[in-house]
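First the structure, in the form of C-alpha cells, and then the observations on it.
Letters A, B and C mark the chains in the order given here, with residues in each chain numbered from 1 onward.
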C-alpha cells in the first residue's frame, strides 16, 4: 500500500509537471497552439451561462466566448469553459488560467486600473434593481426603509446597496447569499422582502417563478452596471481581438448581417463597403488583427449577431423575456454603438 | 429410612414461559415498555417517526420521473400539491456522477467507461490490502473479470475476443475454486498462494494505470514515470555497493528526481512518436460530479500516505530541527480550515510558483487537499506507531537492524496495519470535505447542483438535488465506515 | 573502570569529512542541517517566486487596505459597525461572529452528543435505534450539505413576517417570542436607570463599549457565588468536625439571588418585546436565521461525533466499576456521576478537543448561508473588493491558527488537570 501510493503520488506529480506551460508566447499564439480558448464564465446564471444535460454550455455570455473562439480558431466549440465564482474570477484571469472572462462583470475604475484588467467593451448595459412581492405594496425603492434585502456577495451590488440606503438615510438588513439560486429560494419563502441584483438577473429570476405576476420590479435603478468581457493587461493584441469580435457582433446587427444571410453576403463583395470590410471581402482588417480575412464572419456565424444572441438567450421570446432597452442599437435609441470597421 | 428421599430425584419438566415474556409481546415488554420512562420514550419516538415520515413520504413518492421541466412537474402533480420533481434527477444524474467527462455528445466516443473501470480496478487494487481474507486466486479472478467486462464493453473484434477469453478464464478459475470442497479448497489456496504472483503487484501498478485511465494521453508517460523507480532502484543498488547505503539512498533519490523532472516527458514523447498507444486525453477541467469527489479523495489519500509516514516518523524522531519542522507543518495544517487552503489553491498557488507556471485548478486543489490530508494522516500513523508495543522496537534493536531496516521490516508493516481503520476514517473525512470545492467554483456534485438550477427548466429546485447528493454520499461513507468498524474489531482481537 | 572509559572514548585526533556521514555523533547533526537548509531554500524559493509574480502583476504586498473604508454592511454584528468603518473593523466583526458561533456550537454539540450517546446505550430498542440513525445520518453526509439543508428547512418551514401581518402565524410563548424565517426574536433586557457605557479605544477600528450595567450585575453575581462557596466550605468543615451537615442551601441561594435581584431592580430591569413594525419585527434580540442554521447544523453534525465518543467512553469503563459502586450501595444516578463519568471523561476529553477544533474550523463554511464570519468578511467581501488575495488569505490563516492553538492549549491544560494523578 505504502509503496503503491507513493508511486501514485509521483505519477500525479509528473502529470502536473508536464501540465505546466511556459507563458512567453502571445495569447493568440497560445490559444492557437492549444487549440482551445479558455473562457471564464459563471458557475451558472439563467440565460447567461449554464451547462445542459450533455455538459454543453449555453447562454448570452457563453455566446461571446464562442464567437471569439470561432474568430481565432475557426471552431465555435473549441472553448474550454471555466466556471468561476465572484471570488476566483479575477485571480483566474490574472494568473493566466483563463484567456478571457465573460462573466457579467461590471466595468469599474478600480478593476480596470488597480486590478490591472482591460475591459474590452460592454455586452450588456445593466443596472441594479429591486424586486418585491406585489402584495407588499411598495412602489418605490424609497419605501424600503427597514426592509430585509437579499444580495449576492462578491459583486458590486453590496457596495451600491450600502451607498443607496445611506444616501437616502434608510436602514436595511442585508442578507448576503452566495448564489442566485439560494437568493431566489430565500426571497420566495419570504425570508427577505427585497431581492436586489442586476435588473437582468431579476427579470431572469422572476421569469422562472410559479407566478411571475405576483412580483414587481421597482422603477429605481440604483447603479450603472456595464457588463462586459475582460482580458489581462499586457497583451494589447489579444485585447483587440476580443474587443473587435464583440464590436463585429454589434456592427453585424447594425448592418443587418445575420447568421441567415451571412453566407450570401460574404460570398462576394457587395454594395456596402463596411459590410465588405467586416466580412473580409474587402480590405485587410483580419490581417491587421493577426487573424485571417474570415474572422468576423465566423464569429457572427457562431451564434448569430448581437441581436440574435440576445433574442435566443435572454430576449422577449425566451422565458427570461428581457426587453432590449439600453441594449438596443444606437439607431433604435439604445447604447450599443460599435466604432466603425475601417 | 434410607430409601426415604426428601429430595426430588428427577427434574420437573420445563414449563413454557408466560406469554407476556416471549414472542413479540415479550420482546416489546422488554425492549420498549420496561418502565414508565421507557414507555414514554417509546411513544414519543413513535410519534416523532410518524411525523417525519408523514411529512416526507408523500413528497418523495411523486410520479414525476419523466418530467421535462419544473413546470411540467407542476402539471403532472397537479396544482397546489407539493411534491418532488424527480425529472431533474432523471435528466441530470449522469452529469452528477461524471460531470463533463466526454459522453460522446461533442463527437468522439463515450469515454465514461474509463472512470468506471478505474473505480472497479481501485477495488481490485485495495482488496489485498483491506480484505486479507480474500484468497490470492479470487483476487486475480476479480481482476480478470473487470478487464474482461471492459473488453466486452469496448467491443470491436479484438475487444470481444480478449474480453471473452479473460471472462472465460475468470469464470473457469472461479468455478473451479467454488466447486472444490472445503478442505481441498484450503489446500488449493495454499498451493495457489505459492504458484500465483502476489496481487500486491497489481496494487503497485494501479497508481500508474488509474491516472492514465482518467486523464488519458499516451501510455508511455505513466510507464516513464514508473521507470523512474526502476532507475532509482538500480542507482541505489550500485551506489550503495560502492559508497554505502546512505549515499546510495541519496544517489537513488537524486537520479529518480532527475529522471522525472527532466527526462520523463522527453522519453515519453520520443517513444510515443515511434509507437503511439494511448487514450483520448481528457483535461481535468472535464472532471465533475461524484467522479471529481472520488478522484480528489482517492488521490489525496494515496499521495498523503507516504508524506504522512515521513511526517509521523519526523515527529517521533530525536532530531530536533526535523521534529520541529514536522510538528510545525502538522499543527499549521490542522489549525486552519480546509476552505482557507482551498482559497490558497484557487488564488495563491500560482503566485507561489515560478512565473509562467500554470496548472489547472483541479491539480492545484489536489495538491492542497493532499497537504491537508497528509497532516491528518501523520497523526493517524503516529497513533499506530504509539500503539505498537515497546518490545517490537527493542526486538528490532536487539536484532541489530538499523533505523530504516527496523522501520521497513518490523515497525511500519505493523503500525500501518493498526492504522488502517484510522486511514479509512480519514478518507471518509476527506471525501466528505471535497464538497468544499464547490465554494471555489469547481463543479463537484454540490457545485453542479447550482449549475443545474441555472438551467431554465430546473430553476429553483432544491430538495431533489440535495437529497440525491446526500443519499449518494451517505451510501458511500456509511459502507466505508461500517467496513472500518469491522476491521477495527478484527484488529482488536488480533492485537491485545 | 579506566578500561571502560577508554573503550567509549571517542577517537581523538583529526576530523575527517566522511565522519559527518558515518560517525553517529555527527550524522544526526548533518541530517538536520541538510533538512534545515532544504527548508530554508524552499521558503526562499516560494518567497522569491511570490515577489516576482506580484511584481509582474504590479501589486505591492501591503496591509494598508485594512484601514480603508469597507463599504459594505454586516447584518449580524456584536459591536457597532457601519459601512464606512474600515476593513479591519469589518474583519473584527467577522472574528467575533466566528467566535460566537463556535462557542454556541461547542456547547450545543456537547449537550446533543452526551444525550445521544447515552440514548444510544438505552435499553429501549426504538430509542437506541433512533439515536443510531441520527449518528449515522449526520456522520456520513458532508457538513456543508447539512448546513445548506438546515438553512433551507428553516427558510421553507417557518412563517415569514408577512404571515404574521396577515394573521396566519402568531408569536409564541405569550406573545414574547417571534419565530420567523428571518430568525428568532426574543425579549431583550433593558435598563431604565442604565449606568451607561465605557468607550474603549476611542474612534479606532478596535473600539468597543463595555456596558457598566453588565459589569455591575456580573460583579454582584460572582461575588455572591464566591460567598456561597465560602459558606459551603464552612459547612464542609463543620461536617468533617461534627459529622452533621448544617442546612445551608437557603443561605447559599440567598447570597447569590438577593443581591443580584436588588441590583437588577435598581437598574430598572424591564424587557423589550419584539413587535411587528413595517417590514420586520422590531425590538427584542434578533437571532438571525443564518446564525441559527449554522449553529444547529454544526452542533448536530459535531454532536453525532461526540455521541460516538461519549458512547465509547462510557463503554470503556469496565462493568466491574459500576457493580462495585452498586455493591457499596450507591444509587444509579450517583454511580453515573461519581464513578462512571469521571472515569469516562478521561477517555472522552482528548477526542472531544479535536471535535471542538473541527467545529470551529467548520464554522468557516458560514459563507454558504451568508453568516458573516471572518471567512465571509475578511476572506469574502474584503478579498473580493480589494483584490488583495495574498494578504487576506494569510491573515485569515493566521487568525484561525491562533484560535485553534488557543482552544487546543486551553483544552489540553484542562485535560492535564483532570488526568489520572498517579502517585
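Brief remarks follow.
Assume contacts are C-beta pairs under 8 Å (C-beta built on N, C-alpha and C of every residue); 3 or more make two chains touch, one makes a residue touch a chain.
Bear in mind that the values here come from a model prediction, so they are computed numbers and not experimental data.
More C-beta pairs in contact connect the chains of B-C than those of the other pair, out of A-C and B-C.
Centroid distances built from C-alpha atoms place A farthest away from chain B.
The distance from the centre of chain A to the centre of chain B, each centre being the mean of the chain's C-alpha atoms, comes to 39 Å. If you average the Cα atoms of chain A and of chain C, the two centres end up 42 Å apart. Between chain B and chain C, the centres computed from C-alpha atoms are 32 Å apart.
Each of the following residues of chain C touches two or more other chains: 148, 152, 367-368, 383, 389. Counting partners per residue, chain A has 87, 91, 178, 185 as the residues that reach two or more other chains. Listed for chain B are residues 343, 347-348, 350-351, 353, 355, 439, 462, each touching two or more other chains. On chain A, the positions that touch chain B within their shared complex are 1-24, 42-47, 49-56, 77, 80, 82-85, 87-88, 91-92, 95-97, 178-181, 184-185, 188, 205, 208-210, 318-320. Within the complex formed with chain C, the chain B residues making contact are 31-32, 34, 38, 41-42, 45-46, 48-49, 244, 246-247, 318-322, 325, 331-332, 334-340, 343-344, 347-348, 350-355, 428, 432-433, 435-436, 438-439, 446, 462-463, 466, 469-470, 473-474, 477-478, 481.
Residue ranges of chain A in contact with chain C, taken from their complex: 86-87, 90-91, 94, 110-111, 114-116, 133, 135-136, 144-148, 153-155, 158-159, 161-163, 166, 172-178, 182, 185-186, 189-193, 233.
On the chain C side of its complex with chain A, the touching residues are 57-58, 71-75, 82-84, 148, 152, 155-156, 159-163, 181-182, 277-280, 282, 289-290, 367-368, 370, 372, 376, 380-381, 383-385, 387, 389.
For chain B in complex with chain A, the touching residues are 70, 74, 91-92, 94-95, 99-100, 103, 105-106, 125-126, 129, 200, 203-208, 210-211, 215, 221-222, 224-226, 228-229, 260-261, 264-265, 283, 285-286, 299, 301-303, 305-307, 309, 343, 346-348, 350-351, 353, 355-361, 363, 366-367, 370, 412, 416, 439-443, 447, 450-456, 459-460, 462.
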